[in-house]
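Please go over the structures that come below.
Note that chain A is present in both complexes that follow, paired respectively with chain B and with chain C.
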Partner chain A sequence: MPRITTPDGMKDHKLGGNFTFTAKRIEHLGATEYTLVTVAVDESGSVSGFMDQLLAMLKEAVGSCKASPRSDNLLVRVLYFSDRYRGGVTEIHGFKPLAEIDPAQYPMPNPGGWTPLCDAVYSAVGAMNKYGKELYDRDYLANGIAFVITDGGENASVATMPMVKAELAKSVTGEILESMVSILIGVNTASCKDHLDRFSKEAGMTQFIDAGDASAKTLAKIAKFVSRSVSSQSQSLGTGGPSKQIAATI
Partner chain B sequence: MCRPFFLKESTMKFRADHHFVIGGDHVTYGKPCQDHALSQADDGMAAVVVSDGCSSGGETDMGARLTTFLLMQTIRELDKGNLGQESIFASRHAAFSAAATLLGLRETDTLATLLYAYLAPSGGHVYLQGDGVVARELRDGTVMLSRFDWANNMPFYPAYADSVNGNSERFVLAHGGDPSARLFTAEHWVRSPGSLWTKASEEASSLQDGMKGVSIAFDAAAMEETSAVAVFTDGVTSVSGVDWKDAVLRLLDFKTTEGAFMKRRLSRALKEFGKDGNGPRDDLACAVVLIAHDKKGGTDECIETTAETLA
Partner chain C sequence: MSALKQPRKLSLEGKGTVTIHPSDYLTSGGEGELYRIGDTVVKLYTDKEKMRRDGMIAKIALLRPLKHPSVVAPAGVVALPTGEPVGFHMPYVSGEPLSRLFTNDFRQREGFTHDMTKTLVERMREAVTFAHDKGAVLVDANELNWLARVKGADAPMPYVIDVDSWAIGKFGASVIMPSIRDWHRATFDQGSDWFAWAIVTFQLWSGIHPYKGKLDGYGPGDLLARMKANKSVFTSGVRLNRAVRDFRVIPPHLAQWYEATFESGLRERPPSAFASAVALGGAKTVLYAVTTGAGTLVFEKLFDEPLRRVVGVWPSGVLRLKDDSLVELRTKRTISTNAPPRCEVVKVEGGWLIAHVENGTLAAEYIALATLLPTKLTLPIGAQGLFRSGDRLFVVTLRGITELTLRLFSKPVLAVGGTWAVATNSTAFFDGVGVSDVLGAKFLVLPFGESACALVRAPELDSVAVVNAKGFGRFVAATVLSKTGDYKLLTFTFDREHGAYTFAGRIVDSPELNMAILPKGVAASIENDGVLSLTVPTEGRVVEVRDKHITTDMLLMRIDDQVLAVTGGALSSVRMR
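For the complex of A and B:
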């Protein structure tokens, strides 16, 4: 009887509220430990002025992770978010090893719609909790780090703030993921900086960073910050806690 | 190569992995981990080996590593296809002496046990000189364990047999001088799915018999019914608060079998033991071969290899 699998060994998973994600089939993972990495990028209409730089940033951020000494222990998921998508997010790819990812193939964002920030955080963290639990149950050690990059505040989500708070709270108990770092990065957010700061605090995210304007230089800095933070969080795996080396600013 | 539909045969796929950890007593007394393990597997064969360096010897962490590396190298260098224990052991013996001399190891540095399994679809064997535990799991879930011990925890090391300095004689003297004294013991246990452990047998052998080592042969039929063979140093019997047989079972309870599956299982088991304040007092090394059997047949199916159930 033929085995039914997705072509690249990925498996579909369901979260609450009709959210879904995909991830590498665990039986195909050979290492003892993994850091789950999620990068969620705002694709609402307001990023149209800098979508080229946004894509370049994403390619650089994920591509740079390949140089990390922990590159074999990273499973990366990339999302775009906009309320044009069902559930507010579209998965560019689910959790998969870096070796199977070609950032050059990432599609150009197609800006439009509003900003479902709760959906983005809920999908990012919820998927890490769910997949992290499966990894834990099968003897793998795992931690996580999520980056949500946005230029605007929440205004269109299906997921509610209590849903987001519950997932974030679950992620830091140490019972599923050894540790979890969630970072909200604001770009071009002069008008909503305070709003995003409040959002991250209310949700229980690890930190909010206001990166500044949406220039190519700023976005290049974000890319470096993401890859450095991923490497650092992965190197902390096994210590029992999150990385203490992640910078507070970009 | 394709075969006609009426020829059904089973293909065997081997996976192997190993891991070793330092024991609590070695941490306490500032000793290195003196156990070591290695594994290898491909389509045609699998081999796993563990070695336990004598804690009152010299630099026996080196002796244990020399034992495992040379055993694996010996198997790689010999032709494949159900190698005999004698050919492996003879080649290993020559290589070991040369390597120990090259490295400038003293005899006390080379005191380390040897326990390995070599498996091919047509058969294989487990060989032990020293002490340790052998586990075999059948396809129906039955697990069989054999535990080998020497009185006073003074095992006969392969280096004694390799020695030209009369160490075999000194070994007998250390055990009281009577080569017929039955000081080498073996106990064999069986556990069927859903039932308790049953002691199948136990025996005590003489020093002179024990010094020859223990060889357990597997023919093709035995390979057909086997799903796993694992070897452990005696550290697996030193887990505080856990019966050694249950410790073995826990270490064979693989959740996934890709990559470093033995390492993942041992690491998690140690964490679970540790929650109750338990853990191995002695160093622990383990290595396992998993055998996947896949019945295939049909005119359009290409058979990959191996043990034919129909001659």
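For the complex of A and C:
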């Protein structure tokens, strides 16, 4: 699939196992701290029945982030995953400022192949660790949030579960990223939700959400959940979290 | 998403009955939903009991008269047709959340300049001042509770929202964002509001929260720990990324106020960004500047009052005047009017510790920086004297030297820290260093770092009499009288672990040791008229600045990393530009 983003100001990075990603050159960044956001969307053959809604959800989720008070502190990466791609994923765009992203240009998923779930999580979290480390080394503060949206369980990855676990464990040490949230969202997963729940726990993801059917209403809810979670995670980085009850002592 | 599923009639106090529709939905907050009807915004509390339980009708009656262009105060109660109060209404304003204005991307995109920042910051100061004048405390005025209109007539215009959460009259506040909270106090008042204002507006100038940036000893998520420790971006050693804007864009007098607020606990109303006069620390008048090969040496007058001559300076930023009063240089506030003759003053959490030894007993007092209220401190410890290194204070006992620490609980408590066994009866304590004589073998006693102290054998001192000495960090200088009757200047430059040192010595004309050793590792000294030596002992580098204005009667001192000179009771700073 051709990249829809301009490579201007972007830099290629390598992860282990021939995984790659792109990200805005740090010298071009205009804020002092960032929340890294990754949205990975299943493009395996089984999503063919609701790919329109899936695309609408993706556009809405990323587009809604622009309303966040901290929209200029977000760097967003979007990828589709299917075993038809080398390494199981294709990057729609790498980490780049939200202002430079036009979600209307996101391409329609082209469903086909199997579900490389480990590849998707490994690429999503590994890239955040790698880029987060670069930011940290250049004295930027960063945290992260990753969403992996799928309708099926792992069945075709190059990356192994130990690789995934290692990246997730690294992401939550607090040494690179100030904090990290990883969410696996199951859509239309009545038959495999237990499997996905086990996957998320074994891998060490923060949360598994069984969103239910693949209706437009469900996917709209996911979009809202994604944008709100992003806003909340970014606010947490900038301010230590939302306003809190005042205790009687300090 | 609106919780309203169908149109609802509401009675707006002072406006009559209106019907709101789901399509009027604006946004949701922590406590309720906002709907816009023309130029009016209606806030409906999610908690149906909120209005009654929290006495919101009475509170809104107190807030309603707060008329100010930047204060979006409640304008009246909103009720159901049954009369049941469910919220309030207020004028509609539009603007950007302040957090957007922190980033360079937004500022470049929207053409938001430093001059606009200046105007916005000043108007925010006016809004807070207005609230205080009316008896209100904003409490939670974080960057998301400020909007800024950056386009149109009279822009930039700030708007403070969420006014129903303010404290006023008998009504207190219930929430506050951790990143703007003054963690040094348990209550919320005008002082804590100015601290919050400082946090938010500093980001408008610089783009970074004042307690962020990388600092050794703190992790990426240690924001609150940094706030509690007063370790701001002004702390030496903080590393900032390239997106942080140059602090020099901040008007100097306001920059001083920010630094005092973040580092020293100042909680006072800030000076105006437009003020031309220097509000803190007195006017810095350049006395003269000397251009040398290494740059320009500038002397700036900091304190010069004919009836209040400076006789001493502590690194904590406090001056001792001839009339025995103690004055904080930065704000010129008098923190004590009758200081004991041989007292020591060190900076501690939230204030200063003033201590002296009287009849073998330690006498100490804590002065709160915010209020200047003194608190007597007691510590039952037999004391022979005091020994100070920078802002670390030790009590000299028969057993050795014991570090004093101060903890702020509900009240300040003085406690003992580490103890180092030193033969105190045969130890001479100087400025930051002690010389201990153990049966003819001399040792240097040199506190370093935050909690360490080195006791190092120094055979070069065995056969001489130490007349004067100064030590700090990795450097010790001592003037000694040798057996041949010569005065010598001996210097000891330690490695990082303070396990070994490099020694140098030379004959000098007098035992005077007019030197200031800075934490950053530079020593400034005047040995002869006309020459100021700037030495980096660890690198062996020396720069000599020659000028007729440099005289040996300039007594060199320091505050933090700044070299000061006291001449005839007047204080000036000495720096390279």
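Methods note: the second predicted complex is superposed on the first by the 230 of 250 C-alpha atoms of A that agree within 3 Å, B and C clash if a C-alpha of one lies under 4 Å from a C-alpha of the other, contacts with A are read in each partner's own complex, and residues count from 1 in each chain.
Basically, contacts are C-beta pairs under 8 Å (C-beta built on N, C-alpha and C of every residue); 3 or more make two chains touch, one makes a residue touch a chain.
Only a predicted model underlies this, so the values are computations on that prediction, with no experimental measurement involved.
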item	value
Touched partner set for A:129, first chain B, second chain C, both or neither	neither
Contacts of A:73 with chain B and chain C, given as first, second, both or neither	second
First, second, both or neither for A:232, with chain B first and chain C second	neither
Partner chain in contact with A:140 - chain B first, chain C second, else both or neither	both
Touched partner set for A:27, first chain B, second chain C, both or neither	both
Dominant contact partner of chain A by residue count, chain C or chain B	C
Partner chain(s) touched by A:224 [first = chain B, second = chain C, both, neither]	second
Overlap of the chain B and chain C footprints on chain A, listed as residue numbers	27, 29-32, 138-141
Contacting residues of chain C [partner chain A, same complex]	1, 30, 97, 99-100, 102-106, 108-109, 140, 142-144, 173-180, 183-186, 188, 207-209, 212-214, 219-221, 223-224, 239-244
Interface residues, chain B side, partner chain A - complex	254-261, 263-265, 267-268
Interface residues, chain A side, partner chain C - complex	27, 29-33, 69-73, 97, 99, 136, 138-142, 174-179, 224, 235, 238-246, 248-250
Footprint of chain B on chain A - complex, ascending	26-32, 137-141
